[in-house]
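For reference, chains read A, B, C, D and E in written order, and residue numbers begin at 1 within each chain.
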């Protein structure tokens, strides 16, 4: 489903991703962990074409993401993305947040888009907040709103970039629960996360990034209990 | 050492603390947990007189905190306090941050204050950052600076208000380690915290606050393993 | 007899002298205005509701009427109420009041920008109210608004050009005088403009660099 | 109660307002110092009182407020003695008389006053030319395209640059201006009444105005008037009396 | 000093003064509209200036810096006699309009730039990640938020333009201040006229602020108003 070969990404002189090879299958949940600056977010941006790449290739469902002829706006509809912060559009109600893209990108009618949007909001447990503006929602609710917004485009893959790390500890749970729900429903997911519990319980595989290199990847039990690499071990001892 | 009886605190119509009774002995480490808005920070502010109270009394070493004749500035020297964020004075170097209060409040000479300040900074592991400004320090270093600053007043009691919750996960450890060190040295401490691991390992007792009431207090094993109250149980299941 | 003559070297001296007067009148106004503005700005943060409202209303008047009108109005008012001020004194007074109105606003927002947590931290160390003010709030708050203050100061320098309507021969008025004599508007205006620019641009840049550094 | 005369003598300086963009009556010389007929008159007046002179440069519209607000003792600034103004300040007897004349841009094709109809015409704000022209132009109706400027100098510049077709000023000034600029030439003499200009002082201070009257008389009697007029304007000094009526 | 106020002539001229205040509003409004359009262009040019600057970007930066670092009165004089020396003749109205637009564009450009830069990058990325095109992202997501950010400075700029249009008097445009001076030049009762005019300006400014607050409240009620 996603096929990354020898991916290199540079910001000017800064070599951020140094040859990543990775395949994610349909229905798989992959967690990505690693310290700050190791290139996790950059990887996600490259996958949906928000950043250019310097070498290698990324294929999503047999579409070459960085091929000049690729219609990125079309591709991105397949790739839902949720960020750490500043996700929701502050000038639109929850319903409008979710309904906007289906309307202007997919060309759904206003009423159709609204109807589906309210379904999605129900799905993530925000059925009673349709007309609230983001500033009136808690951080956890805003993140679930962002998830609903991505889901409304009916993506086949979801990318989460530390979706819970800006939240109060008590609000983390509700967002992780929503992500768990998606995983159970069979969504393909790549989750950059600091929540080791989530990575352990939910993922099929966990990847550890270190300074632009994917140091280690494997099933959670293996990576957490018997890490192979020195760096992984050091990192795990710090975050636990 | 600290004796709180029937403490009531209101912000206008909002009843934030509804009759708290609590005694903390010399050398004891008390952790306070509870959800956002339950009044934990307010309790700390009341203890060192940063907020007025509406009923009840707080005695620190036989001084009535809220008695009109109490010299609060004097009392506060006994009560070191560390906050969640924006602690350090941004216009002063680390050394000046720590030396300021001893100099202008306690009247120490400049050289004496500096000497002691650099001892305290060494103590918390910032011996090599004496002349750095806060903006050049990491979040964890800034919090340790704040601890050193409070220690320089030679307090007999330290109040911590979520001292680690604004930090990146990787930096939490260094601050908790410093707090552990203080506990070992016999400092009396009240720690509002979200770090259940810390509360469990370090505290003599843990108190759970719920909507302005101290629902439950007891040794960590008891409170974490066999919580008595419904609310405590619900809270613990969420944060774990 | 020739009543007109071309631009001469000594005319530059004439312009330089006038530029000095621009600096003088704006320097005095900014100096006094900033001091008073600091006090008023602080008052705005400690006064009760009514006091703040009244003080704000008065200061607001000077921000809501064109400076040109204020200058002409006060210049003509002083003699009416019994004491006559020359163009320099009247201009300085109006510019000073104008500066006070702007600086007090800037100061208030600076002092309010000091987070309550920082002040609590200071008080929790046993600092008294005034120690907190002197060692924490003022240095932190004023540093935060220093760039905004530079902006105010530079705008007063530029607005001092309006004192020319009172007949005070500052830079722009001097340029007009020379234009009258030489009938060469372009080059003289270019010199005057270059002077203002050379004064204002580097300071504005320095302030914004400072702001960026401070923001980190 | 002390009057202005007492104050001036007591103070030791005469605060004399002049207009300096009106050559040769008032202008800045190439040392950037005030010069001209009016400036000499200020100095003479100060001499007569035995005091120093403090020259206050002013624009047309600033002149009279200086008197009203007590910042100048006297304005010697070609002030026409209109009755409206006399409600605000006090006038001496006339000390000079001008004829209003236009200066025109060489491309304007203006030869007579009638030609100015429909053309763009300028004068200084607060001059009598402005007021008289407005009365004529009101009769013309729509064709009235007037532009006021803060100073006489801006009027000249506007004519020179072609922003306006004609500017209205005094005949004495018009000559030098037309000579100085290639594309300005002398226009028609304007059909306005002769422009008698007076010194202005505080309205209620009659003894001071009396002194000014006597000073003007003396300047003519001693030949100083003729002398300065010849020096600055270069022609015979005009007669300052009006036949058939007392002033 | 015994000064007797003459208010009657001013009261008689009040209708004329109110009419003239319409000219003030007109020139201020036009210069704000021009200022917004040009300011946006300048801001976009300047923001895209990375690495080597093109002549167009030099032009934008020069405009912005000159507008912000020289007096407005200087700018008006420049558009007055300065340009005249090159044979460019602007009517007094055009001088005021050009001068104020030039000035407003420079200040607004920096406000807009600040507004754009204050929108977190993730807003842009979040919009693109659901498949919106760059244009759609700007139209639906970025611009509405920038508008809210610059609303306050924009309002200040409008007030500023109204106040600064009073300089029209000095370049021969008869807006409110110029007319007052013109009427006053008959009798030279400047104080009375300018006192009344000061009141009119004060009222205009308050009206503008009120209108801005009401409109802002409607536009931005999503974020708790302005």
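Everything below uses one rule, namely that contacts are C-beta pairs under 8 Å (C-beta built on N, C-alpha and C of every residue); 3 or more make two chains touch, one makes a residue touch a chain.
Composition by chain, UniProt nomenclature: A, B = Amino acid ABC transporter ATP-binding protein; C = Amino acid ABC transporter; E = ABC transporter permease.
Here the structure is a predicted model, which is why all the values come from computation and not from measurement.
Enquirer: By that same contact rule, can you tell me which chains touch chain A and chain D alike?
Expert: The shared contacts of chain A and chain D, listed by label, come to E.
Enquirer: Between copies chain A and chain B, what's the superposition rotation on C-alpha atoms, in steps of 5 degrees?
Expert: Nearest-5 rotation angle for the superposition: 175 degrees.
Enquirer: Out of every possible chain pairing, name the one holding the most C-beta contact pairs.
Expert: Top of the contact-pair ranking: C-E.
Enquirer: Once you find the CA centre of chain B and the CA centre of chain C (Amino acid ABC transporter), what distance in Å lies between them?
Expert: So the centre of chain B lies 45 Å away from the centre of chain C (Amino acid ABC transporter).
Enquirer: What is the distance in Å between the mean C-alpha positions of chain D and chain E (ABC transporter permease)?
Expert: Centre separation, chain D to chain E (ABC transporter permease): 38 Å.
Enquirer: What is the distance, in whole Å, between the centres of chain B and chain D, each centre taken as the mean of its C-alpha atoms?
Expert: The answer is 82 Å.
Enquirer: Which residues belonging to chain B are in contact with no fewer than two other chains?
Expert: Where chain B is concerned, no single residue meets two or more other chains.
Enquirer: Residues of chain C (Amino acid ABC transporter) touching 2+ other chains?
Expert: Residues 76, 79-80, 84, 176, 179, 185 of chain C (Amino acid ABC transporter) touch two or more partner chains.
Enquirer: At least two other chains touched by the same residue of chain E (ABC transporter permease): list those residues.
Expert: As it turns out, chain E (ABC transporter permease) has residues touching two or more other chains at 1, 3, 81, 84-85, 169-170, 190-191.
Enquirer: Touching pairs of chains, all of them, please.
Expert: The list of touching pairs comes to A-B, A-E, B-C, C-D, C-E, D-E.
Enquirer: With touch defined as at the start, can you tell me which chain D residues reach chain E (ABC transporter permease) in the complex?
Expert: Its residues touching chain E (ABC transporter permease) are 60-61, 63-65, 68-70, 84-85, 87-89, 125-126, 130-131, 147-150, 154, 157-158, 161-163, 204.
Enquirer: Looking at the complex, which residues from chain B come into contact with chain A?
Expert: Of all residues in chain B, those touching chain A are 35-36, 165, 168-170, 173, 194, 238-239.
Enquirer: Where on chain C (Amino acid ABC transporter) is chain E (ABC transporter permease) touching in the complex?
Expert: Going by the criterion above, the answer is residues 61, 64-70, 72-73, 76-77, 79-82, 84, 154, 158-159, 161-162, 164-165, 172, 175-176, 179, 184-186, 189, 192-193, 196-197, 200-201, 204.
Enquirer: Along chain E (ABC transporter permease), where are the residues that touch chain D in the complex?
Expert: 1-3, 81, 84-85, 87, 89, 91-92, 169-172, 174, 181-182, 184-191
Enquirer: Would you tell me which residues of chain C (Amino acid ABC transporter) are touching chain B in their complex?
Expert: 115, 117-118, 120-128, 131, 135-136, 139-140, 143, 216
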